[in-house]
Every structure is written in structure tokens, then in C-alpha cells.
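Order of writing sets the chain letters: A, B, C and D. Residues in each chain are counted from 1.
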């Protein structure tokens, strides 16, 4: 399909219409690729495309210029159709220097578009990136559609009038490049222009220079004859459900979900946390919401963070803490205390690559068994997981609901991929959420017992400050009812069972297991959890289109598992669990149901690609893999 | 059977010969019951009996006198036959006060012997213990063989010549009671006399008074006509395998095993620990062994403890740490570092009742899943468990072997029951242990790579101080080989698999799964681990005597599981896992083998009783429980 | 009773719980418990307005014996839990009870940060120079050479001086007492009156594992020759016969204990200046003498008050934000 | 170079690893790295005799850039790891590199205990008053009011003064420097020479998240009016024109900065006494002035040396114990 609009010189432009495009921006850590990519994404969302983004950056703040390990990437997938992942392979690669090219070229689709800043291809940079020859000169890029531009030089020219230092001027080259791509893909530069104005409010020179660079890139593209095979494109709006939309990433959604949950519970929030990648922005978001009954406390470490949240819950607020793997490890002991003291507590764990410090800026799902089993003693707690950035909102509300209604700590698992990637998100109808207001015990009944349990094994919450209900909580075993220290053997067994049954009982308040896509019985079911949602959805769709009998179950509740799951699973010949770890949920399903669940384990710090799962499905189901599927590059005729 | 020896007045005494006796000493925390019980045990061991002991005391140092929760108990089971547990129910109960009677009477066998200190049965004490009437007066004890003695008064008389304060004098009443029981059961008072002399070396008055009390109790028994039904007993030597024996508890055995392991590895030990019940005595034992290449470091907390051990291992020593549940929780993060840095580390975890602070002085097995799965990221490590006090020695050696040969942290699980109870232990032939000396890398090969892995996935250990091999270790993901920071996706997957395979490979160096008792196939197999060993052994023996097809498998390696286990398990109709937790090993077996393993979960802070398992077996196998089994009291005609 | 403390209808026993006390007979903890209960009655806040948070240790069993709200938490974490509690429930009077092991060994970091942030907590550290509950190992305040189960050949660890640690951490209120001192309740009342973190070290006798360690200073007869109770603005005199005092050493400029006579008169002694942090530093660890009382006190905004103030300011400036508004902030677009 | 330091055949570059440095261009860490490498060359211990242990943070990446043994461990735990390392391998020169977040926030407790035990470690704390690696949140040394991602309305936490914390912890060597100071290598050499724990705070500029925080003291032009380098026994004079100094305030007895003139002469200034802990306390936090150099130094037995001594004593007293003897200790009996 094609469409037309007008070129700068008044000539009409014929734009090829595409249903989806994947662009990867790549450059030095200091090149501003995260900013460029997220602006491209935000603009595409605003223009009505479906969208998925994937930032991928090193753990260093600004690794040495020109090195391969200092390369920072940001992938944007925008489309006129429903997409769920940032895309397996880029259609367009923007390489701001040789290292970026070196690291990313292999992933570019055959015949893909390659935008290169030739000014950065100096002998020194080529050497740092490990090139013996300049790839721009040795025909090694002939298989691609190359758009080689002296971006730095053109940027410096464009911003010269604004009198920036040459360092600052050079920094505008990402925005210049953005301008170029905006023209190429018919994006409206206005939102970015406004954003630059706000961001550099206090530095008007810098704002003006950046806006000039954006314009200059745009104009350059408009007025330059594109090399063979490259022409202007257009990606029409997606058909999204009606409603008001915004772009959201997982940490923002989780932060807002916690606030929403607290409102439904009618509680103020005390968020105690210690910064850690990729969870820190939960703290940053909540710290801004002091006018929404949110107190944030940046603790001295993760132990103090979780303890402050427990103290707050003891005090009658909603204690919340957020962290990532190493931090969760440190919270272990205190979480046991919250279980023993039967206090609500929400723990958001944004998973990252492990073990130990591992890969701090990369995504992984390897804290699942730790979340379920990782405490001394019999110490069960509910474990939830969000499937998409937007879903973090809903699951955070659920975490608050369960924590407060069951007087228990709850772990909500997300991951680095969810935390950092953005998607268009339909702002939910807040009235559709059923409130679950907490009613503190206030009556001074004669037989008041702080650890008396209702039929669900739940005790009443008493807020210190309430007259006549003074009680003592603690981590020693408590007598069921009065809560005094008890070493009685039968009491301990009873309390252990009570704690276990209480958590098991959460299953009665969550949706029963269901099929996300496909039939309720069949050859193969992929059982996923967390951020693999998008890749599994798309892969299952593709396999089903190919005629395979494949379904998708996605678990948002990992402990307890939803009712009816076993029956569903038994309807399939193969039960396969794709996970970004070395095999965890499959262990749980095997133990729980004695079903021969198999894992697909990807432990690369990267999300699944659709094609990896499609190929897995084809192999299991006996069909020959289709040749060259997924490899027709954008716009390649 | 009967035997004779001579009474004090020259008359010969007819002693009834018994094959086994269970005595429970019970009194206030300050009454010295632990000391009394362990002296009785030690003497019985010295006299050639088989022996098992079980101390059971409150978490408080000295809870208020006379209260039921302040009661401290110590059970001794001594026999002329092979016994494996401290006995289900006492034949003899020594109750030093009403509270001790209140708490323990229900467990005394019908018609059992009841030794009571009548002086403590004051109205105040009776009230504190919750008695409305004095049980010595209301015939409520008629079903027992009562030996009521004014022990306090007689003790005070006996020690008067030694001029102690009345408080100190009163404290000798436990030793007086011991003297009485020594005569009753024909124990040699000499070892205790010597022990008192050594213990109170610096307080000769106290030593003399205690020895006088011991004698006085003995003489009293000798010269007093015993009430109806009580007469002197004798428990002949047990037929133990030939060899040199000593009495040992689990923590002593584990401490010595670590030293043995280090000698086999040819390494000095750095034991970093923070006191915690019931693990503290590991530190106490090792602190005494400074002349055996043992350095101990009492750290500021468990994190520093494990970190100091990791630092020591990095430095080329054997880093060891010991703790219990809450402490293991705190070590979680650092253990991940040792996994990532591929350093040896031995962690002894003496399990206690949880969750949280739980029941600090009670036993439990509820850290199993935590030990296996309790770390952020994919962080596998070997997990071992000792089955008996003496076995702690051997399994500690194994822990050291695996840690040093596989460059990995190892968790050795024991528990409060093993830690505190004593058994006669045949001192092993140390030459039977194959040495496994560590050879540090010292050659400066040109292609030296600190993280180069051999076929088993093991890297060489380099000791800082070695010229030319300077390298950097750390918790970020490392490039396989050079060990530099690597964010490479394929490397991370490869390293994750390598770490997993390395641990899995430990299975090749441990004994294959085997049957401990019974046939290799049958109706029912009990699969145990840890301190349930004794109870399962005895129960299986009894069930087999009754004609049931029952076997016993006992796992000393929980991760990886021994080779051949699946095949063995498949040979049984029922696979049942008795555990002192809410169901853990059964989960592992189910997940690993898809076998419908069932759990018997006892979470009472107390070891299994034989009869509990016997009854379980009978029920599962359909036979009617025999009436009144196990309830024929000692010497009851 | 100090005249500045309001008379109150509350009695000591109103602050006792119904639980039996499980400390060893003769333990110094009893006297401290009694002192706290008396102080609370004197302060006059009702039991339900008070929460006592502790860690783990003999001392940390404290909350069970108080008829107030209480939290017997985990080892070393009481200051962190109390911080969260105070932020969440600012009207509560929050007390922290800890031991030399709980508060200075495993919990040293939370102590440091509660003190430097100046959270409005009343922290009482029971210093018995030993780990009581785990049966007598040495602690970070144990003297070098002490033989314990974990130091069978004598400890080689140099001890930390709790008051100096607190000053180094930036504490705004540093005081010291001992278990059986009659001045104890008054000290607690002062600690309570201070806005921000108050650190009170109480020397406490462990009869079972460290009996008599503080005999030098609290011995009925000679103790007063080795201790001084300081009071702001009053001359620093002490001794059985009030014949000793503290003066500024003319050469070093620092405090030292001296005997009166031989040319040294009362006029040479200095007055206690409780707001002088350098003086407090000197006082906190003197050679032959232990100083008791409020060693240091300075006013500063309490952390929790500053947090609340910031919240109030933002509320004032930005008004309330509804959930709807929050979600609609920034760029949104309508799909029809 | 200080004349007391032995000439050595080693060069700075012998202490560099082959790894590319991954700090931001312009980061103060580069200068400190160079200073440490120079100091090590001056000290003259070979690279294989040195181990550098760090936690997590930008600063803690340090070991990767050193051609010595190194351990980039976990957040806050370097002092504990280094303690174990030193106990296990006493001949190594062990350095600890940490940041204000790593060493004083999460790692404050291990820092406290390494200092009070006096483990022979050379501890360098990079104080950039910010969390660099996690992108700019405030740290425990950040000034009140600082706006960061985690304090969008300004931080309300009162900061800790690292040198005071160290003194409070009982440290025997407390020094301060700043990243680009030429005196830095010498300071490290002194730290190394000290037996026991040496604590060196280095003010470090984070160009990305906290650029210019230390401008007042390290500004090329006016910095010298706001900083003083103290040297034992030398008069405390400073200023662009050496027209300022430190004297004892005659009333308070404590140190204060003064301008010379108006009746104040050099004779009124005091000499730096580095063994005087009270003076060090004063110097560590002055109103208008930042003191650099060795603020405090006192000799005491290092912990690791005491541990080794005890082991040696016991060996001497008891001889070696074989495994056989150990197992046969106490009561044994033979079954035949």
C-alpha cells in the first residue's frame, strides 16, 4: 500500500505504507540513545500506533566512548496492528558509531535499513570497536540498504547559531538523527519539540539548539535523495480499543497501581526502599506523590527498607517496599517476621539477571523459586506476577488487596524488561475497581485477642493508638488467639497449618485458571508468567495461523496457583513453560500436578523473540520450520 | 532377667535386668536439668550402653521459677540393644517441681516410675504450675510408681559441712537426684565425680559440696526401702561394633568434621560466625582449636560472618560459616556472591523452628527448600544433610570435599535435635578417609585464565600473594575463561548452564542411592533425610517385624540427589516422606521424578516418635494397629 | 520526681502487661523495666499512645512486659522498624529497646542512621557487655581479654564506646545511666522530652553471664568515687565526699578528673554544658571515671517532623491529586 | 614524594590492569585511581602482594583497574570480606575501596566494626555525596535540601560526617583528601604505613550527578581559603596568602579558624597534634573550613595481629593437636 503527502519543495511524497516497523537506536552510553528511542516511541504512541519498546543499556553510567561494551541500545516497535513485543529483529538500525554497528549488525534483518553516522567511523573508533577495515568501505554492508550521513558535522552546522560549547553542540546529534527518522517515518516532530522546551526550560540555549537539530535532520531527509531502496514510509494508526490512552512503563504502572490499591484500601502508603537497578524508579515515582498520601523513606539498606515498611504496617499504614534480586535477598529475614506477625506488606521485586550482582541492567525471571520458597521455616506467602507494563498497575492493586485482606506479605514480581519498556495503555475505568477498605479493630470487646483468626485464618488489624487494644506482636511463635509467646507443640503445628491454609485460601479470591489464546484442549500449551506474555501471545498466534493446535495460559498468580489449572493442563499433550531462567515454573507445576511440564529456558538477559518460540512449537509439533519466515525485511520488495 | 550386686550394708542386691530405659529429667531452667541429663547420658555411654539423648529447653535463660513455660527437660534413652531415638515416652520421670510434673506427666508411660522432689510442692509452686490440688495428696498419681523424696532438705543437709550459701547449697539438689538414680540404675558415680572436680576446679567448696550431694543421693537410695514396684535395675552393655567410643553431639561432630575436612584438603580454616541458637556451640568448639589451624572470627552479624568466610576463601583458606534459619536468611545475598565468584564455602545450618524467630530452641527441618532455592537468580549449590549426631562428622567432611573440589558453596543441614543430642560414637579410622588436598594454581602459564573451567566446570583456585597470577573476582557476570565483566547474552546463558551442570555433576562423586533397611522393592518406602533417621529406622524395623513390606531410604545428599534414586523409588507402591516441616522433600521428589510422594508433616518442634510412624505405616498398609504396643512400661510386671 | 514533669493520674502499674516476666532472678533488666514504667507514668501519655519496639535478646523481650503497644521484632532491626512506625503513626510515642549486641553489633547500622537522621525515637540501649540470650558470648562492648564461650582464650576485639559511637553518628541527645540508679526514670523523661533521636545507654548487670562488670561504678559504697552524674549548668563535682571534680586541663584544653585540694578548688571545676558536643565527646569516655546523665543535648528538627512538613508544604502548593488526574498527567490521546 | 618512603623499582603502571576504565569522562575517580597506583609504587610492595576489595558502586569498580589481586564484592560488605581475607592471608596488603553509599549507607555497620576492631586494612571512602551507579539518588552524606530523583522536593535527611563517624567508631587513623589533590598519594602511603584500620575519606567529584559539590574547597583559585592541610607538629596555617590559621578558642577550649592580624599572630595558632583524639574531633568538622591530611593517628595492636598472636601463644602453650588426639579427648571407652 502507498500513501502520499507533501515534500518540503512542494512535491508530493509517495509513502509506502507498512503495518509495523522495528527500529533500533544504538550508540555510546553518552550518545543519548535512551532519550532518542523513548521520544520516538512516545511520538508513535501519540500518533496512535501500537507500540513496544526495549531499552538495553550497560551497567556503567557512561562507559568509555567507542567501546563495544559501552554501547547503549533502544528498540522501538510501532505498528498499525496489535503487537506485543519490541520485535525480534530490527528493520532499521541506527548506528551512531562503529561499536554500535559491531554489536548490533548481526540482528538487523537481511536487506534492512542501516543509518550510520560516518563522522564517527574514525580509525581510532574503528579500532576500539574491533574493526580491521572500515565496513563503510569494504562492501561488507552491501547486503543492507545503507544511509550513511555525516551526522556530527551536519549537527554542528545546524546548532552553531546557538553558541553552545563544541561538546554540548555535539550532543545534539541524536536529536538530529531523530529528525531524520521522523521524516522518514512520517512522525510529527511537535511533541518532541515541546518536550525539549520543557526539559531544557532552565537552559534556553540548549533547548533552542536541540530544536534546531531536530528540524535540521528533518529537513535534510526531506531534501535529500535517498539511496536506492530507501523511501519514505508511513505506519497508519492501530485499531486499538476505544478510550483514553497514555504511554506507560512497568515501574510507573506499578507505582501508580500501589497508590490505586491504597486508595481502594483506604490507607496511606509508607514506601521504604533502597535504590537498586531496575527498581529505583518505583521510589522516584512515589517520592513525587507526597500529595497523594504517600510517604517515601530512602532507607540505609534493603533490610531497613523492608523493616520500615513492616513498622509502618504495624502502625496502621500500608507498608510497601520495592527492590531487585540482591535486595530481595537481604529482605528475606524480615519478610518472615511480617509472616509471623501477620502484617500486610507489599514487596515489588523487579527481577534482573543473577546470580549475585549478575547483570544489573538486564532482564530475567530467575527469582521465582526464591520468592516462593526463599525464607527460613515454613513461611508461605502469595506471589503474583505482572505480564505487561500496563498489567503492573492491575497486579499492584491485587497485591495490595491480598496483603490487606489476608494480613500477609505479598511479593509482586516484575522484571527489568517490564520496568523499562513502554506500551500504549488504555487508562482504566477506576470505578470498575471494587474498593476493599480496611476496617481496623476498634471495639474493646471483652475477649479481645489480637491473634484471633477468622474462618480464612485472618486476624484483625489493630492500629497502635487505639485505646484498650494494646497488644504485642513479634516473631516468636504465638499462641493462636492471645498471641503470647507459645512453645506448645500442638499450637505450633496448628499455627503452621493456619499460615499455610491462609495463603492457599487466597486462591478463592482470584480468577480461576483460563486459556488466554487458543482452545481449552489440544496438542500443546505454553504456560507463561510475567513479561514473556507478549512473545508467547504472538508466537501462539503465528503457530495457530500455521494450523497448529497450540494454546496459551498465562499465570498472574504463582502462589497459590489459580483454581482449575490442573484440569486445564491435563487437556494438552505437551505442557511447555518458556521462562527467562534455568527452569522454575516447570518445577512448580511438576511438583504440584505431577504433569510432565517441560521448560524452554532462555538465560541471556534478553526477552524471548517470537521466532524462538515459533520454532520451538514447530519442532515439538513435528512441522518443518518454514524457511525464511520472519526474515522479510521492512519494505524489501 | 535379674542380676545381683552388693548393697551398702553388705546385703546383696537383686537387680532386674532391662534392655532399655528412658528417663526424663525435668525441672526449672535454673535446676540444672541439662547438666544432670547429660551426665547421666555420658556415664551410660561410658558404661557401654547404646544411648540417645534429647534436651528440650525454653528460649529464656532462666524463665521465672515454678512456671510451666520455664520447665527444662532432658531425656536419656540407654540400652543394651541398638537404639536410635531418645525414646517415645519416658519409663522414668524425674520432676523437680510441680510445673515439671504438669508439663511432662502425660508422656510418662502407664505405671511408669515417678521421682518427685516433695519439697518443691509448696502451695505457691502448685499454683504457679496450675494445680488446684496437690497431686501428691489427691491420688491422681496412683497409676504410677511414685518415689517421693524431700530432695531439697536432704541436699541441704548433705552439703552443710561445705559452708555454701543457701542458694548455692540448694543448687546441688540435681546432683543429689543424680546420685539417687545412679544407684537405682547401677551407674558408676566416678566419672561424674571427676567431672565435678574439673568443672569446679576454681571453686573447691562447690566441687566438694556437689560430690557430697552425689554421694548422699546414692547412699539414700542404697539404704532406703523403695516403694512398692520400684527396685534396683540394671541395663547391661550393648553389643556395639568393636572399637574405641566416645559420646558425641551433632555440633561437636560437625565442628570436628570441618577440621577433619580441612586437614584432608590441606587447608587452614577461617570460621566466621555470629552466635545463634542452636548453632552457637559450633563457634565455641572451633574457638578452642586455635592450635589446629583454626581461626575463628565472631563477626558483627551473619552477613559479616559469611562475608569474612568468603574473604578467607578468596584468600586461600577454607572459609566456613555456621548459623540457623534467621542467620541463613541474612547470608542469602553473600552466598550468591560465592557462587558467582566460584569460591569454596561451607555453610552449616542448624535448623530450628520457624518462621522468623519461631521456636529458637526447638528442632525443625523447615529450611530445606530455602537451602535449595533460596537465592536470587539461578544460583544452584550442593545441599547435604546429616542423619545422626555422629554422622555430622562425616557429612561435614563431605561438605568440605565438595566445596573445595567443586569451588562452590555447600550447605550442610543439621538441626537442633542433632545439635544437642548425644550418642555413643565409634571414633572413625581416620586413615580410611581419602585425602583431597587442594593444589592452588601457581604456574604462570601464558594463557592463564582465572575463570577457565575444566571438564567438570570447575576453575582453579589462585591464592592471592602468588606472583603473576593477579586476577579480579566479583559478582557481576564473568566471561567464561578470562573472568572479566561480560554482558554478552550467550556467555550468560553458558555460564548459567555451567554453574548448574557443575552442581549436578557432584552426583558423580557421591554414593548412589541405596536402601538403608528392607528390600529394594515393596509396598512402602519411607524416604527420610536428616535427624528423622532414628525414628524411621526403628519404625521400619518394627513394621517389618509385623510382617509389612516396608523399606527405608535416607538421603544425605539433597541437591543433587543421588544417582539411581528414581529407579529405587519406582520399586514401591507408596513413597512416603516423614519430615519435621510442612512438606518439603516430597515436593522435590515429585518435581524431580513425577512420583506421587506423600508427606507426613510434623511441625511441633519435636522429633518424630517411633510409634507415630509405626501407626502411619499400619494405616497405609491396612493392618489394624496393635493394641497397647509400646506402652508396657519399664519393669512393669 | 523532677518538678518539671507534669503530675499525672497514671501509675507505674498501668504500664505493666499481664505477662509473667521471664528474665533471670536478679537481672538488671527488672530495674530498667521499672524505671521505664515509672517514667511513662510521669510523662503522662496513656499506654495506648505508646509503642515499644525491640530487637532480639534478653533485653529485647521488654515489650512483652509493657502494657503498651509493642513489637518484639528481629535481631538488630528495631530502629528501622521504629522509623517506619513513627513515619506512619506520628502521634505515637515510640521507644526502642535494644542491647549491646542487638543495637551495636548486628544493628549498628540502623542505629547510626536513626541517630543521624534524628528520628523522634527514645532509644534505650541495655549494655551488659555480653550476649545474654545466646548464653554469654562476648559483645562489641566487652573488654579485651574477657573469657567467654566464643573467646575461650580471651577476646581480642577492641570494644566500642556506645556514647562516642552515638556522638560520631551525630546524635542530638546522648545520655547514660545504670540499671539500679534512682536517677533512671528522670533520664527517660528527659529522653522523651527531646525532639528527635534520644540515645540512652544503661549499664545493666547480667547476673548469669557477666555478674558484677559494673561494680566499680554502681557499688553501693565506693561507686560514687568512680561515677559522676552531670547536670546542665551545674559544676561537675563527685565522690563519696564530694571531693573530686572535672576541670579543663589547662594544657590540653580537654576535660580531666581531679581531686579537690592541693591548690585545686571548686572554682577550677567546669560547669556541665550539655550543648557542647566537644565537651560531650570528652565526657563520654574518661579515664578513671564514668559520666552519667545527659551528656549531650542539642535541638534540631526531628526527621519525621521534617518529612511531615514537606508533605504539608507540597499539599499546600499542589493541592490534592486524584487518581484520575495522576493517570492523565502528561501526554494522553483518545482512540475513538 | 615524601623522603621517608623507600625508593622503589616499581612504577605506577605496574599497578594498572589491562581492562578499559569504565568511569564517565571527567569523573574524580580517575585521579584517585592514579593516586593509589602512585602510592603503591612508592610503597614498593609488588602487585601480587596487594589485594583490593570493594563493594558496589562506581567507586567500587576500582579493583578491575588495578593490576593487583582484587575482589569486587557485594554492596556494603567489603570491610567484612577484607577482614576475612586479612585473617586468612595476613601477609597481603589489603585495601578497601568504598563509596559514601557503599561504606556509610548499606555498609555502615561493617565499617564501624572494622574500625573499632582495628583490622589492618587501608580503607578509602570515595565521598561524592551521591549514589553514582544507580543514577543520582541522595546518599547519607548529601546535604539537606538536595534535589535528586529520590528527593524531588529536597532531601530532609541530616548527613553523617564520615570522619566523625570514624572517630566515634574508635578508628586509630582518620584522614581526609580530595580527588585532584597532589597530596593524595602521600596520604595513602601514610594510611598504608599505619598498623590497623586506616580510614581515608576522599572528596570526589561526580561530574554527572553532583558536579562541583566540592568546588568551595578544591577550586583552583579560592579553594585554599577554605581548606587546610594539617601536618603533625606543624602550625595550622592556611589561605591563599597564608593569612589564616586555627587556634584554640580561649573560652570554649575548642579549635576555630581565625584570620591573622588584629592582634592574632602565628604564635596564637596551634600545632597539629595528630594523636589527640579530641582535637581530631574538633578538626573533623569545622564551620568554614575543611581540614585535610592525617587528622588523627594513634598506635594500637591491629586486630589481625592480635588474633595471630593468640594463635601463636596457644600453639606454644599447647603444642599441635592431631586429629586423632582431638577425637580422643575426654572420656572414651573401648568395645571389644
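Here is the rule we go by: a residue touches a chain if its C-beta (ideal position, glycine included) is under 8 Å from a C-beta of that chain, and two chains touch if they have at least 3 such contacts.
What you see is a predicted model, and the numbers here were worked out from it, not measured in a lab.
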Checklist line | Interface with more contacting C-beta pairs, comparing B-D to A-D | finding: B-D
Item checked: Between subunit B and subunit D, centroid-to-centroid distance (C-alpha), Å -> 45
Check: What is the distance, in whole Å, between the centres of subunit C and subunit D, each centre taken as the mean of its C-alpha atoms?
Finding: 29
Check: Which integer distance in Å separates the CA centroid of subunit B from that of subunit C?
Finding: 40
Notebook entry, point to check: Which subunit A residues sit where two or more other chains touch them?
Noted result: 59, 69, 290, 300-301, 326, 333, 336-337, 341, 356-357, 474-476, 485
Checklist line | Overlap residues in subunit C, where contacts from two or more other chains coincide | finding: 56, 74, 105-106, 108-109, 112-113, 140, 153, 157, 307, 310, 314
Notebook entry, point to check: Touch graph of the chains shown: is it line, ring, star, complete or other?
Noted result: complete
Notebook entry, point to check: Which of the residues in subunit A end up touching subunit B in this complex?
Noted result: 58-59, 69, 324-326, 328-330, 332-333, 336-337, 339-341, 353-362, 364, 366-367, 369-370, 372-379, 474-477, 485, 487, 489-490, 492-493, 496-497, 499-500, 581-582, 587-588, 590-592, 594-596, 602-606
Checklist line | subunit C residues within the subunit B interface of the complex | finding: 20-25, 56, 58, 61, 74-76, 105-106, 108, 131-135, 137-138, 140, 149-153, 157, 208
Notebook entry, point to check: Residues of subunit D touching subunit B in their complex?
Noted result: 17, 19, 46-49, 51, 53, 56, 63-64, 66-74, 77, 80-89, 91-92, 109-110, 112-113, 307, 310-311, 314-315, 318-321, 323-324, 326-328, 330-336
Item checked: Residue ranges of subunit B in contact with subunit C within the complex -> 30, 59-65, 67, 69-70, 274-277, 280-281, 283-284, 287-288, 290, 296, 298, 300-302, 326, 356-357
Notebook entry, point to check: Taking the complex as given, what residues does subunit D use to touch subunit C?
Noted result: 105-109, 112-113, 116-118, 140, 153-154, 156-161, 164-170, 248, 252-254, 276, 278, 281-282, 300, 303, 306-307, 309-310, 313-314
